[in-house]
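Accompanying notes for the structure given below.
In this document, chain identifiers A, B, C and D correspond to the written order of the chains, with residue numbering beginning at 1 in each.
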Amino acid sequence: METASDYSVKVGGEAGQGINTIGSILSKSFAGQGLYLFAHQDYYSRVRGGHNFYQVRVASSPVYSFSDSIEVLVALDQASLDLHAEEVRADGIIIYDQNNIEPDKQTENLLGLPMAELGKEHGGKKIMGNTVAAGAVWQVMGGEPGILENVLNKLFLNKGSKIAEANIKAARAGADYAAKNFSGQCACSLEKTDHTGSMVLTGNEALALGSLAAGCRFMSSYPMTPASGVMQYIARQARRLPLAFEQAEDEIAAINMAIGAACAGVRSMVATSGSGFSLMVEGLSLAGISETPLVIILGQRPGPATGMATRTEQSDLLFSMHAGNGEFPRAIIAPATAEEAFWAAVHAFNVAEKYQVPVFILSDQHLADSYSTVEPFDLKAVSIERGDILDETELNSMAEYKRYLITESGVSPRAFPGQSEKCVVITGNEHAESGYSTEDPVVRNQMADKRMRKFKGLAEEVKPPVIYGSEKPETLLLTWGSSYGACREAVDLGNKQGENMQVVHLPQLWPFPGKQVQELISRAERTVTVEMNTSGQLGRLLRTETGLQPACAVLKYDGRPMNAGYVLEHLKEGGVLPW
Amino acid sequence: MVVNAKDYDLDRENTWCPGCGNFAIMDVLKKTLAELDLPPHRVLAVSGIGQAGKMTDHIRVNTMHVLHGRLLPVATGASLADSGLKVIAVGGDGDGYAEGGNHLIHAARRNIDVTYMVHNNMIYGLTKGQASPTSGQGAHTPTTPDGNPLDGLNPIQLVLGLKAAFVARSFSGNKKQLGAILKKAFQKKGFAFIDILQPCPSFNKVNTNSWFKDRVYDINTEGHDTADIVQAFKLAQEWGERIPTGIFFDDREDRAGFRESLLGSTDRPLAGANLDPMDITEIMEKHL
Amino acid sequence: MVVNAKDYDLDRENTWCPGCGNFAIMDVLKKTLAELDLPPHRVLAVSGIGQAGKMTDHIRVNTMHVLHGRLLPVATGASLADSGLKVIAVGGDGDGYAEGGNHLIHAARRNIDVTYMVHNNMIYGLTKGQASPTSGQGAHTPTTPDGNPLDGLNPIQLVLGLKAAFVARSFSGNKKQLGAILKKAFQKKGFAFIDILQPCPSFNKVNTNSWFKDRVYDINTEGHDTADIVQAFKLAQEWGERIPTGIFFDDREDRAGFRESLLGSTDRPLAGANLDPMDITEIMEKHL
Amino acid sequence: METASDYSVKVGGEAGQGINTIGSILSKSFAGQGLYLFAHQDYYSRVRGGHNFYQVRVASSPVYSFSDSIEVLVALDQASLDLHAEEVRADGIIIYDQNNIEPDKQTENLLGLPMAELGKEHGGKKIMGNTVAAGAVWQVMGGEPGILENVLNKLFLNKGSKIAEANIKAARAGADYAAKNFSGQCACSLEKTDHTGSMVLTGNEALALGSLAAGCRFMSSYPMTPASGVMQYIARQARRLPLAFEQAEDEIAAINMAIGAACAGVRSMVATSGSGFSLMVEGLSLAGISETPLVIILGQRPGPATGMATRTEQSDLLFSMHAGNGEFPRAIIAPATAEEAFWAAVHAFNVAEKYQVPVFILSDQHLADSYSTVEPFDLKAVSIERGDILDETELNSMAEYKRYLITESGVSPRAFPGQSEKCVVITGNEHAESGYSTEDPVVRNQMADKRMRKFKGLAEEVKPPVIYGSEKPETLLLTWGSSYGACREAVDLGNKQGENMQVVHLPQLWPFPGKQVQELISRAERTVTVEMNTSGQLGRLLRTETGLQPACAVLKYDGRPMNAGYVLEHLKEGGVLPW
């Protein structure tokens, strides 16, 4: 990392205290200053109380993960001081409200800021103390005042200009207080670059945006952390676009509604997490045999069952790969960053329709909730490929429409009910080409073979492995999903320290790009898998598909994301071997 | 266009048992669709798994023969996607009141634009005779070999409790009544529910054709006010020596169908072979 | 044995928000259990997932904190297995009326030996404010940002439609009424259902404590005949300026609880640490 | 096979015509004569009409599968003649009712039997024609009359002695007619051995019996072919034993009821098929994290979705292995025969309770519905091992009961609600030892590790591979479940023809007995997997667990079972390679 600045700000407090407000004001301001950022959130499954934090890392070149040490801690409650003071670097600072919190005598670098008081005085409400804090942090870090005020204006404008103004006043009060009392205390000094105009986006937001760009017109889902963000984003657009969103009564209804809509001709999706996906498994199998295009966003979190609702994990890879009774083709895409998430959604809808199969996007809480700076997407580069769909003229010229026509590719041309005078027959039973049920053994074989033949086409469209680091590495880190960020930074750090490392991340895990992975592994001295689960699922898949076994695995399953430090430390220890 | 009941015929072997009530229900359905001048390709029938669900093997319309108990969500999605389709859902009592019970609650709540026909033979036909939620107390079946210890569920009471827009009971042995009810159901905006008593001569030896015949009577000819849900609920309590049939409730409050309430209009197009990309530039800009 | 409400206290941090109606409900529950002299180890509380379900984090009894929406089947199994337990099910409106709707239908049909408390805050609390089936028309939530297009489900109507043995509505702000109803519910044989209106100050800014207070009235003090299900159904139609609360229906037909109807007796033992092998020699001999 | 007699009788007709009656009369009579049999059923997913058959193979030594050629065809309808006349050996016979069926002129070996007529005349009802046919077959095959009559007596006694007598009369009429008209036509001549006293049992019946013997006290399930037989058997015993059976409203309720009962202290199970199991996946995950012992009988049939409801397949192995969000230990047992099925159930309940995990019994339609002769089970050999359960004295002496006490084995001593004054706290959230929810990362790691540690104990109790055939084989057939029968007979046939073959069947697939399998494979020249699915699931599992890959795979997925002929033929062709 040749970053000039690389700072971390942590805002800690109880649920409901507004740490997200401070966090997102700062994040957007950092982006406005032309810097890159990565911000992750840590919260409990409760609405009030508990200890949550929002940690944003800002740097002058792209960042993919978080640091263990922080430059600025904003403590909104006692617990934040108690828990995180240690993480503050020697030249860092701790900003807290001296009217509420009594710090330990030994704690250093403490800067008292009467947040609530100033908030009430300048913004009219105690809760404006959050904006006061943002203003103070921005000031001590050396941000350009106009940028922060711009952000506040944008953020609060829809609540009325009065509120926006009050916030700006509060921010100024914080900045003034900091200028007067904290000057020279903070070692940070934010650069300003001309890399402005980037978006600040979570993985969930990127998935939703990508789905909209891809022409998703129907979404039915049931709320579940960490996937709710996707549906809530889509729901907000539904009235403005030709798009229906419905909160289903349960996940079973959600997937079956989406299947109904998809069969009727619209691009459809669902989003859920593990427990909810468990309930969709029968519907998945229906999509498989009825050859219905469907996109399933599976936001992973620690299981089993309800597990830890607001935490992160990557333990549903093999589950999603084998879910559903019987055998049918599918695709599994797993973006590593918000940027990738957008394109993953576009790819998912195209693959789903071209091959008439269910397509998974595996996400996880760390990807779903973390913000990063992303360049605006080139919407012209979004191509919508719907595959073989008959038009009315073609349909009219046919004697009979066969929904499950047997073809070499395994893909049968689609038509929709009501599109022409030809009736469309869709079913979840084994069937003849017509769509009507059959138990004929010969036809059964033909249909099973036809479905399985789609694997070939699916394999040709697999998103190839993403490679970063040394060309002929001593250590290859094989990883997937949001763990990529930690691995990528570990490679940078390691190589700086004289190691010879590479990271290979698989943005698509099924069909498995076996040949390419084998080739990459053969060039490395040793391969280590890195993922967030107990059993080393990518490692198992690697072995199934290539016969190869990683030298060891770096795993984590305590619900908290890993970073570069964790990866390097565990590599030294020889990894955590699950086998 | 003049549509004929024969237009719905399919040349496929029918696998129902001789004497099964399903035949009459299918006849009436075809005739009613023809009377309403609905051409086959403008009709979508979504069916569950069971003997009743096999209806879609024998009627030439667009069909989705889906999972046991999941016909209503599929019908919901399909009807939202395409406003040009007349959507029917057809399934059995096990399908609708056991496996699919939750969706019935919410189909009624949403007032989905679907006519739902439940072939209530008070038994599981396709899987060979197990008890259904509507099986009567004492019924001897392979899963209640010592006699069903429970009273049967009363679907009319349940669906009145959900305040569905249209609630009726008919009997496969009364084609005239069934036809008249079906016709009204198809014309109703939103969710129309019809529980159809149907003898299953193969497995239900208690609730036979003549058992039903001896008991059913028509509440509408007896002057029931179908706008009065409380009165309907009162009538629905009856089950035994006399079984009330007919339209129990036909909501005069002209509630919007689900398509209209969700999409804000009855004909906002979602479906189709053409997918015009939506312009999301403005949405994206909010993140700048 | 003299049991005290304090005996149910657990020394664990409570994660509910200040002002949440759940606190009052928990208080009343503990007091009622004490009044009935039920020692903690003879009580089993099965809870769903949601803020309401977190009740089992804060009450010292046997607990099974299970899946979202699945508390009733778990309670059914547990109550069949052990006749010595007083089984309570506790969950939210999303848990019970959305995810778990089907089980509600069949719990009522079976008349399971369970008292079921639904904390109805008309919102999804734990997942931060999405609409619930009972959310009112127009409610602005993250999943209905343009206002809920649908009328809220009326649980009392639904459960009366199921003819549950005991059907009541109360309000967390009326502890006296809630206590009296809970006590009767626990004493009822079979399935006792109580929908408890509960303000959620964090996410439901419409149906607040004072909103409820201004509307609720007690149907029992106004002389409602709880044996009359039709009258109950009529009362249940009301929702708006006035909200009826109290016991709607208390079936005088002394129906058997599920344990009795399925097992043929109220105390056939199934559970326990000792498992005496069953002698199946006779059964095996039938295959010779 | 050193069998002296080895004959096959096929009874074909429409659903509802009573082919099962004839089939089971004959089967029981064969057993009564001291012979071994294997009888399989082929039927459509409909109640009336269609073409079904019941085929019984009888021999003087044990048989495990069916033949392609038959000695006796009983045709109850035209289709049976049309479809199966070809399968009849040159010295075989076809018995049909000449009053109903008009055979093709070319068909040979036809013997007309006025079944309905004789049935009406001697038994009082046309339907007694079935018994007439059974009597005739018995006569031409040379069975001892008293044995058949014994069977009829037993079979119909519970319907009253009149009905039993009428059946005996009908059988005699059939026998007399055959004696008069068919004598000398049939080459079969049934031996009589003193190997009497064996049971005739389907896989489903054996599973139900095994579950009862193991002390199952609670079953909740939802009907689904081919698993309904298990629940219906259990339901019949429920009132007579301390046992509850309830038909749930759906499969979700079924598994959650069983979990509730299991947590309250009783041995509990569910039975279902693929679609139904799909709906149980979330409950499975709950059993995983709540450490609830549970037995799941999964009767496989062809998918995806509703697939072919009454047919057979083995395609839910990897699904059941990976089902459920999050990671947790489980066991998967897959009996090959009715005999094994009984002991599999006993093993399943013991393993479930000892390790407090969900245990699968994978069955399939072919195993579930096929009859075979089985020695009466030695009930004294059934040992019930419940694992670590605290008694009241132990509980009373504790300050606090911890449901999830962390132990070396991963297993925490159990107690039940109401058992003592100690409250029991069970949950589907991540939790502390007490059972109360926690999000503490350290405790999470401890709990995940504790659960996964159970694998060790589970692995120690794995049912070892079953080996049959040559010791140092050229070809090792690696198989599982009901495909074993075909493989075993293929080995016998092959070895007779000078091949050098062995079959290894894995009665337990998870934990996978990797070492033992590796060892066996290393002794063989080539290994071929044999299973009923499209993707070679056992082959994939083998590779995941050992890195080894079979030389080829013999697969079948048309919904009909395989037999020795199919296996040998496809071995010659080099197998069907799915990879």
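Following the convention adopted for this analysis, a residue touches a chain if its C-beta (ideal position, glycine included) is under 8 Å from a C-beta of that chain, and two chains touch if they have at least 3 such contacts.
Every value quoted in this text rests on a predicted model; they were computed, and no experiment measured them.
Visitor: Of the chain pairs C-D and A-C, which one is connected by the greater count of C-beta contacts?
Guide: Result: the pair with more contacts is C-D.
Visitor: Farthest chain from chain C, going by the mean of C-alpha atoms per chain?
Guide: D
Visitor: When the C-alpha atoms of chain C and chain D are each averaged to a single point, how far apart are the two points in Å?
Guide: 41
Visitor: Cα centroid separation between chain A and chain D, in whole Å?
Guide: Each chain reduced to its C-alpha mean, chain A and chain D end up 45 Å apart.
Visitor: Using mean C-alpha positions as chain centres, tell me how far chain B is from chain C in Å, no decimals.
Guide: 30
Visitor: How far is the middle of chain A from the middle of chain C, if each middle is the mean of its Cα atoms, in Å?
Guide: Computed from C-alpha means, the inter-chain centre distance equals 37 Å.
Visitor: For chain A, which residues are shared contacts with two or more other chains?
Guide: 44-45, 239, 249-250, 252, 275, 282, 286, 290, 305-306, 309, 428-429
Visitor: Specify, in ascending order, the residues of chain C that touch 2 or more different other chains.
Guide: If we look for residues of chain C contacting two or more partner chains, we find 49, 67, 98, 101-102, 105-106, 133, 262.
Visitor: So in the complex, which bits of chain B are touching chain A?
Guide: Residue list for chain B touching chain A: 12, 39-42, 44, 46, 49, 56-57, 60-67, 70, 72-82, 84-85, 102-103, 105-106, 262-264, 268-273, 275-281, 283-285, 287-288.
Visitor: Please name which positions on chain A make contact with chain D in the complex.
Guide: The touching residues are 44-45, 252, 273-275, 277-279, 281-282, 284-286, 288-290, 302-311, 313, 315-316, 318-319, 321-328, 428-430, 439, 441-442, 444-445, 448-449, 452, 533-535, 540, 543-544, 547, 549, 557-560.
Visitor: In their shared complex, at which residues does chain D touch chain C?
Guide: Counting only chain D, the residues touching chain C are 197-201, 205, 209, 212-213, 215, 217-218, 220, 237, 239, 241-244, 246, 248-250, 252-254, 256-268, 282-283, 286, 290, 376-377, 379, 382, 384, 386, 389-392, 415-429, 435-437.
Visitor: Show me the residue ranges of chain C that touch chain A in the complex, using the header's touch definition.
Guide: 13, 15-18, 49, 51, 67-69, 98-99, 101, 124-128, 130-131, 133, 142-146, 202-203
Visitor: Touching residues of chain D toward chain B in the complex: what are they?
Guide: 16, 44-50, 222-225, 228, 231-232, 235-236, 238-239, 245, 247, 249-250, 275, 305-306, 309
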